[in-house]
Amino acid sequence: MLSPVILIPAILNGLLTGAVYALIALGLTLIYGVLHIINFAHGALLTAALFAAYFTQKLFGIDPYLAAFALAPLFFVLGYALQRFVIGPASHGDDRNMLLVTLGLAVIIENALLYAFHADTRTIDVRYSFETIAVGGSFLALPRVIGLGAVLIVALLLWALLRLTDTGKAIRAVAKEKLGAELSGIDVAHIYAMTFGLGTACLAVAACLLIPTYYVNPHVGNAFVLVAFTIVVLGGMGSVPGALIGGLFIGVVESLSGLYLGESLGQIGIFLIFILVLLVRPSGLFGERA
Amino acid sequence: MAEPLLTVRNVSKHFGGLQAVDAATLFAEEGRITALIGPNGAGKTTLFAMISGFVRPDAGSVRYEGCDITGAPPHELARLGIARTFQIVQPFAGLTVRENIAVGAHMRHRGRNAALAAATAIAREMGLGDMLDQPAAALTVAGRKRLELARALATQPKLLLLDEVLAGLNPSEIRDVVPVIRAIQARGVSIMMIEHVMQAVMSLSEHVFVLAEGRIIAQGPPEGVSADPRVIEAYLGHGAAKLTAAGAA
Amino acid sequence: MRRLAMIVLVVAVLAAVPFTEASNAVLNFLVVALLIALAGQGWNVLGGYGGQYSFGHAAFFGTGAYVTAVLQVRYGVNAWLAFALGIAAGALVGAVIGALTFRSGLRGSYFALVTLAFAEVLRIVASVAPITGAGVGTLIKLDLRHEALQFQSRAVFYWAILGLVALSLVIAWAIEHSRFGAWLTAVRENEDAARALGVDATRVKLGAMTLSAAITAAAGCFYAQYFLFIDAGIAYGPWISVEALLTAIIGGAGTIFGPLFGALLVRLLGEAARLVTGDAPGLDLVIYGAALVLVVAFAPRGLMGIVADIRSAFRRPAPRPTAEAAGG
Amino acid sequence: MPDRIGLSRRSFLMSSAAGTAGMLAMPAVLRAQGAGVKLGVLHPVTGALSYSGQQGRLGATIAVEELNAAGGIKGLGKIEPVLGDAQSTPDGGTAEVEKMNSAGVAAIVGGYGSSICLAVSQAASRYDLPYMVDVGVTDAIVTRGLKNTFRFGPGFGVIAKTALDNLVTLNDQAGKPAKTVMIVHEDSAFGSGLAKLLNDQLPARGFQILETIPHPTPTRDFNNVVLKIKAANPDIVIPADYYNEYVLLARTMLQQQVRPKAIYSVLGGAASSYKFVKEFPDAAKYIMDCNHWFDPRNAKALALKKKVEAQGQFFTYEVFMNYSAVLLVADAIEKAGAADRAKIIAALEGSTFVGHVMPYGPTKFVNGQNQGAAPVNTQVLENDIQVIFPAAFASSKPVFPMPA
């Protein structure tokens, strides 16, 4: 019923949106894969990262894409410290407690940002914000195309880090067999924190990719976090390629269901997929059967 | 000859590519202690899990008291009189000893007070009388094993499945628990036990099944089985020494 | 029986508040706190006693609220009946979600996520479906008659919600003193062990979820009847899921009085924060969050755990504080 | 019983209830000794609506300051504002009304947001406490027969009608270049209600509605919506969104080079916002809006604008609506001659106040609704917001259709 004139750009747009979702989900899935908890602070940390990207541009005039190189390490340290000194000790190793602590952190971060910066929406205006690339009669926003490329690079880097470095091997060992890893001398608390740091660093990159075309306010992260949960579940909790493919897939689903069902109901499409996957195949489409 | 209390016929289970249990057949006679032995990874715990309803067999049947119970869920089996303990003890850590046992007792007692009274009585029998109001998490390993037994017993089972109830205990603790198991048998409860401590198997059981790589390779009275060359071969390696030591004892 | 006496005492003290010269501002504060306590007690039945941490109790709160409101506004159903049907509908939603999730064997993070997702789906549906008034919301006609379940006096509303809270306390007490409760806590502590002892874990969890949903739905029904206006964000929004969980955990999950004292404390903290900081936006919620983290870190059994520890410390110098032992 | 449940602040101290301690000093009263009139100033300064709430409070407090600088209310002394935070929820608003009532306010101004206004009006009606709605467009607020509730600004019905009338006039004057319309609206109370009214009435006015697209708040991406607009190619796009979504939509339309003959919004979240115009001049260019707007020829309004901008704030409609509402209530209190609630309500009912900054003419309340209240049309022209309709208040001529 809809002509390809709409359909093709809608799919392309879905892919571009999905790429950023994927990056946010990458951080979440990594944390889940190793710590086996859902990080409910993920959305709030994304908001914090968006504020950081906003202010580096506003205060220092640093381009967000450049800022990513500074903010990613910064947020890595932040994530590391949060897990090492707050979440880890506070939850006494109990999964349910970790859920609660990350939820508590989410509430704290979001409202501390509200307290500090108030509720108004902020946007930055960089010269390429409105630049587009013409593809098949439609225009793709240049920053979003750059975003897709950056996400693919980050995913590749992450994959290489997990496969090729000693830390990556340790992370995989802990994910697979925590007790065994502990017995063979791996500092599990350190690896947990490293993982959390990596997941948080992904958010910093995602924030820098988002800010040129999006806005930031203290509640903005929530809009992404449920989608990210869905992607993580769909892609198989803990699976990096799963998050990537799942993100792109969800982007397209959202785009198409928005087109056919309307934007309001289109959101339901995502949640229904989410619930269905959880009920029928909780290990995800790309994950291994438990 | 009457049908045994429990008959397991040709049950199989595989996980992914691994054939954990392969057409195993065994039985437990009423009033007896039956042992299931075998080297590590032989599939004993999987077999137990199938009998107690935690795992559904791919093939084969389980019969109990003349009825087919294949694939019935654990809580129904417990109601029919099959109770089990776990290899790694699973206390309700946040509850007291009394409350732990009462969970089992509730199967036969609807009322809270009746269940608590029954739990108290069983706890005393099992030597846990001093620790009734302690949280289960505060018990020693031996205490937890006793709790595990007491809880199972509180369901008033006809058949008790014991999964390595002696593992992790020191020799003196083992000496304490063995008579407890005998006492349970004396109450008329049939027992099937997975056990690694061969000494206990030899002294307690009347009939032994040997599982290796998912198959029953031998069965019979303990003395006969321990002399069976297939069994010795299955145990060759780290298991063989243990077996010969047990045989010499 | 001593606990039952405590319930009577606490409720009696609270019931006396309107006879003091408490202003309506205080009563209104208490009404809202009790409303949250009721929602929290609902969460407590499933999360505290049953160990199933739901992040989506808004699904039940909202269903109760919407059914109460929509039946009155669109179908002219009597308010009292609508209230009862609201509770029933909440219970039904709980049973359906429970049946779907527990049969699939979802636990822990998965359960938290799926409940959250259900609440979100309902929120979105409510924000577009014509029957709920879609985005406009549903407004119950102001009609201060007892037949319409609306009262001129704040005090009557206060006693009504107190009555519901009292009932929820008795339910919690009954859970602690029944076979169902024993089974429920056994499932919380160790599901496999419970199943081996004859506990039909799925059924027990399902029962707990239905009861839990009914209690939280009652809070939703009351909300609709008290404020007379609901929309999708109020009814199904994440705020109530978080508050229900927060009050139960901070007060002491799996205790009779946990949600009640938790709600009073949390709400007081919020007021105090706003008192100290003026209208500093967000600071009260920062304090909520911090309280949650601190309670999990240092007082895993919440406010009631602290009370119990203090009492046992006075009664007999126990060599081993039970809280730590249980937490380990 | 309700009468006995105290009104005196001292009675707080008597209460033994848990929870009282925190309530004692509530609400945040800027207490002054002696004579004076307490005025409740209620806005959602925290939560989802906090930006608007803070702007609203700004307008109200400026009005109070100006009144007090001029000696307060004649015969009664200075106004003592009792500030309240509705926390962006109906229950938050209700709690504040209770506190304000206990604090003994003569009237309440504010609300912001339909759901809060509904709850607040109802809570205040228990005490016959006069309540002046600042911005809350749901008509249910004033059609419930609450004697205490007044709305200074226009409601949905009037806004939609004005918007339609002006659209028709605009089109007729330009030689009817536009025939087709697409509506993009957020799916909560305000957007949905508006979309429904437009759908009912636009066809009768000779416009064909190609599609109505609802979307949630927040919506992360408007590319699909814009693609649909592009494919349907309507003459006019009518957005009804909150600020963030409006900005995203306008930016995406610019990006995708979708240029209808007009972007004509109704209560557009960003369309008549100086912030939007300043931050995204290209996206804002030529956008028309039918919204609350001050009388651009009113010297008081321009002075207020200067004052607000001097504080580094944007001059948004929340500011001048609240400013006007406070002046109006103060006038009524003065007419009543006492901080007596019934007298103030009577004074409001008969009010013919002209000292506000809105293009409404003298106030005249019928069933609580100010009859003269109406929105005006604005257009973003040369990086400024100009009034283009009605002619009596216009500061510029409309540019329609948009130059390509």
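A, B, C and D are the chain letters, set down in written order, and residue numbers restart from 1 in every chain.
Going forward, a residue touches a chain if its C-beta (ideal position, glycine included) is under 8 Å from a C-beta of that chain, and two chains touch if they have at least 3 such contacts.
All values derive from a computational prediction rather than experimental measurement.
More contacting C-beta pairs link the chains of C-D than the other of the two pairs C-D and A-D. The chain occupying the central position, as judged from C-alpha centroids, is C.
Comparing the centres of all chains, each the average of its CA atoms, the largest separation from chain D belongs to B.
If each chain is reduced to the centroid of its CA atoms, chain B and chain D end up 74 Å from each other. Between the Cα centres of chain A and chain D there is a gap of 37 Å. Centre-to-centre, using mean CA coordinates, chain A is 48 Å away from chain B. Residues of chain C in contact with at least two other chains: 124, 127-128, 281-282.
Contacts with at least two other chains are made by residues 46-48, 50, 187, 214, 216 of chain D. Within the complex formed with chain C, the chain A residues making contact are 32, 36-38, 40, 86, 89-92, 94-97, 99-101, 103-108, 110-115, 118-119, 218, 226, 229-230, 233, 262, 264-265, 267-268, 271-272, 274-275, 278-280, 282. Touching chain C in their complex are the following residues of chain B: 52, 54, 73-76, 78-79, 83-86, 90-95, 99, 102-104, 106-107, 109-112, 115, 135, 137-138, 151-152, 154-155.
Those residues of chain C that touch chain A in the complex are listed here as 51, 53, 55, 100-101, 104-106, 108-110, 112-114, 116-118, 120-121, 124-125, 127-128, 242, 245, 249, 280-283, 285-286, 288-293, 296-297, 300, 327. On the side of chain D, the complex with chain A involves touching residues 46-48, 50-51, 54, 187, 213-216, 218-221, 223-225, 227-228, 230-231, 243-244, 247-248, 251, 254-257, 279-280, 282. Residues of chain C touching chain D in their complex: 14, 16-18, 20-30, 32-33, 124, 127-128, 134-137, 139, 141-142, 152-156, 223, 227-229, 231-234, 239, 264, 267-268, 271-272, 274-275, 278-279, 281-282.
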